[in-house]
Amino acid sequence: MLYVELIAQGLVQGCIYAAIALGLTLVYGLLRILHVAHAALFTLGAYIGVLTTNATGSLALAFVAAMLVSGVAGVAVFRLGYQPILNRPPFVALIASIGLYIAAEEIFRIVFGASGLSFVAAPLQSQVPIFGGLQFKQAEIAVMLGTALIIAVLAYLQNRTRIGVACQATVSDPQMAESFGVSLQMVRDINFFVGSALAAFAGVWVGLLNNLVEPTMGSVPAYKALAIIVLGGLGSVQGTLLAALTLGIIESFGTIYLGKVLDRNAIAFAFLIAVLLVRPQGMFASK
Amino acid sequence: MGYEITLLTTMGISILFALSLNLITGFCGQISLGHAAFLGIGAYASALSTKAGAPFFLAVLFAMAFAGIIGVVVGLASLRVRADFLAITTMGVGFLFVGIVRQQDALGGELGISGIPDTGLSRPAFMVLTLILAAIAAALSIYIKRAWMGRVFAGIAEDEDTMRVLGIDAPSYKLAAFAIGTALAGVAGALYAHHLKFIGPESFGFVESITVLSMVVVGGIGSVAGVAIAAALLSVLPAWFQIIGDYKLLVYGGLLFLMMRFAPGGLAGIFASAMQSRNRTTNRGKP
Amino acid sequence: MTKPLLKVSDATVRFGGLTAVDHVSFEVNEGELLGLIGPNGAGKTTALRAVTGVVQLSSGSVELDGQRIDHLSIDRRIRKGLSLSQQLVKPLRDMTLLENVVLAAGYNKTASPLKALVNVDDAAERKIAQAMLDKVGIGPLANQKPAIQPLGILKRLELARALALQPKLFLLDEPLAGLNSKEARDLASTIVELNKSGMTIVLIEHNLGEVIRVCQRLVVLDNGRKIADGEPRGVMNNSEVRAAYLGGDVVAEKGGVHASY
């Protein structure tokens, strides 16, 4: 029974990692930028989520607001931050991104306070028995269903709409966007919007699961999501999903069996380093 | 007087530490986001040695050798992955170091190691020693830059594949950069531990790694004078202005972002282009 | 008959299910200027990469001067006496033209990190580098940066840099590609002069006119296989070669080969 519980916990965590890492993968696939500041949009989403819920009492509205605000903020980060330095060596954007993230974390602290915000009446907190005494928080079930749903919708849009297909084609060849009648600028903006909205989606859920939104909540996901996209073979969407779920499960087992030797974050990176030593191209890369 | 001595000692340690990263990232182009781990390895190795009764100078040598050896091991990982992957792998090494130290009672766990023995040097003498070692590191950096090693490093930083076609055994050179850079970081760590008399895992985490990277970036990647000046300034600014002390991370983060966004060449780059435009104006003045 | 300098025996390179080079054998003799030609996708560049070590052989062997080199890394093979001038020129952009060549000329001082650490002086290498730049006709540009140079100059820089390694065997991958006809003719003449001064050269080239003009012997690949090996005129009259170049099963009329110049 313990195993089932650990796997279930791992999947919940894995879904959250997946939602965060997907945006990062989209950006990396398109622009080869390791977008650390992505996690700031995750935190921003969480703040908008908790503020909207507390003000209106509607969780649905909170999701819409969070995803819109973070999405627009993501496009702004791209246009003002990355666009002008795209033709510099890759580390320039990486370091800029780290700087941006650190500054953002401090701004959250200054604006919203160091101790964080909670939901006044946190929804979806009651326990639901599933089978054999296994219990889930409503929110945990909702995270899994919600992530699966949103990824399915994205996959549908990507394969069935003109803009979706153009986005995919642009990853392998920037010239392709134009041949679909879509400008390269638009493809990039859409990628940042969608990726950042996904991060906000994950942010609201994390806030709900912990019933706490704090300035530093993005720091661990920021770096762990990087580990995930490397494991997934940088730029591969399927690889990223698999890597996110795998890491979620490995962590949930690791904290039980390796907790004496390593803390949770170290387990993730020990796993990453071990994988890279065996498969330098990433766990799920096809090359 | 005591205050100035502390300030200058801190400055010297920061310069030494920043120059050690500059060898790896600035000269050889290998991005490290986990360099603080080697400061930590040096600090712990030396603190444990002197607590076990070893003389201070021996402990410094031990810290240097030990950090250098671990550096070569990490360097071996860097041979398998490159560029973007390397940044994340080294970040992982940083998290791994903190994760391991935290869970080991022998290393003091969360509480760290306190009561690190006196070096036998007076505080001014310790300051002079620190400044001398920083000067030696600067001299060594300048020498390496002028030697054939510096050319090869510069070539590897720019285009490793081309260097291999020119008969350069790039992996050996990268290992050499890691060995020298991490050994120097080990020395800085030993000085750090015996200056503060107390060390804990949090002093060598991701924030420290980013802080030292920001010194290198703000100074101008690869520029010995630029990096030394930036390290000196950034290490003492927070102490001078209490207000920055509180917003230290905001300033660091903001500086990193703004530097990369507007002046990726750092102080050295700004200085060089200022000289150039001055020359141009003087030349224009001539008939 | 002299001992071959380079001996490629039964070389095969597979990428997944695709066989790019299929049991190819050829030799390069000391002092020779050999052309390695074939239509697009024939496997010429892959064969050359297998010689330099950029790709690994699936089977077969490569010998330089009687020594197996196919298990060595790229840089070790270079140090055994190979030198490669790449199709895509890749100068180090932060260095002057001269510095680029100096880096190659210092190969003895960069053999190991330790040697590179203890050696500072570069007067001798600067002299060699200047001589190499003069030899390929771009001596006066020595102190310029590569960024502002046209392709023709960069191709010559690539040549000078590869020469500065003082190779036994010089491999040239499409040195004429992207040049106009006058530039191509001039550079081809420079290559002939190099060969006359004693350099053994393998030339991969699309520009058939220049290849036939300058090479003493041709090896022709098609679909990864060697289909001809011999003196240029005879090879170009070979019906299989003409069919390969003209495509499909069409056997060319006499003299049809001229059409593909």
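Just so it is clear, A, B and C label the chains in written order, and each chain counts residues from 1 on its own.
Rule of thumb we're sticking to: a contact is a pair of C-beta atoms (placed from the backbone, for glycine too) under 8 Å apart; a residue touches a chain by one contact, two chains touch by 3 or more.
In this text the structure is predicted, and so the values were computed from the model without any measurement.
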item: Mutual neighbours - chains that touch chain A and chain C alike; value: B
item: Busiest interface, counted in C-beta pairs; value: A-B
item: Relative to chain B, chain with the most remote C-alpha centre; value: C
item: Innermost chain, taking as reference the mean of every protein Cα atom displayed; value: B
item: Chain A-chain C separation of Cα centroids, rounded to whole Å; value: 48
item: Computed distance of Cα centres, chain C from chain B, in Å; value: 43
item: For chain A paired with chain B, centre-to-centre distance based on mean C-alpha positions, whole Å; value: 31
item: Junction residues of chain A - those touching two or more other chains; value: none
item: In the complex with chain A, residue positions of chain B that touch it; value: 31, 33, 77, 80-81, 83-85, 87-89, 91-93, 95-96, 98-100, 102-103, 206, 210, 213-214, 217, 247, 249-250, 252-261, 264
item: Of all residues in chain B, those that touch chain C in their complex; value: 143-144, 146-149, 151-152, 154-155, 158-159, 161-162, 164-170, 172-173, 175-176
item: Sites on chain C touched by chain B in the complex; value: 52, 73-76, 78-79, 84, 86, 90, 92-95, 99, 102-104, 106-107, 109-113, 115-120, 122, 161, 165
item: Complex interface listing, chain A residues touching chain B; value: 32, 34, 81, 84-85, 88, 90-107, 110, 219, 223, 226-227, 230, 234, 259-263, 265-270, 272-273, 276-277, 280
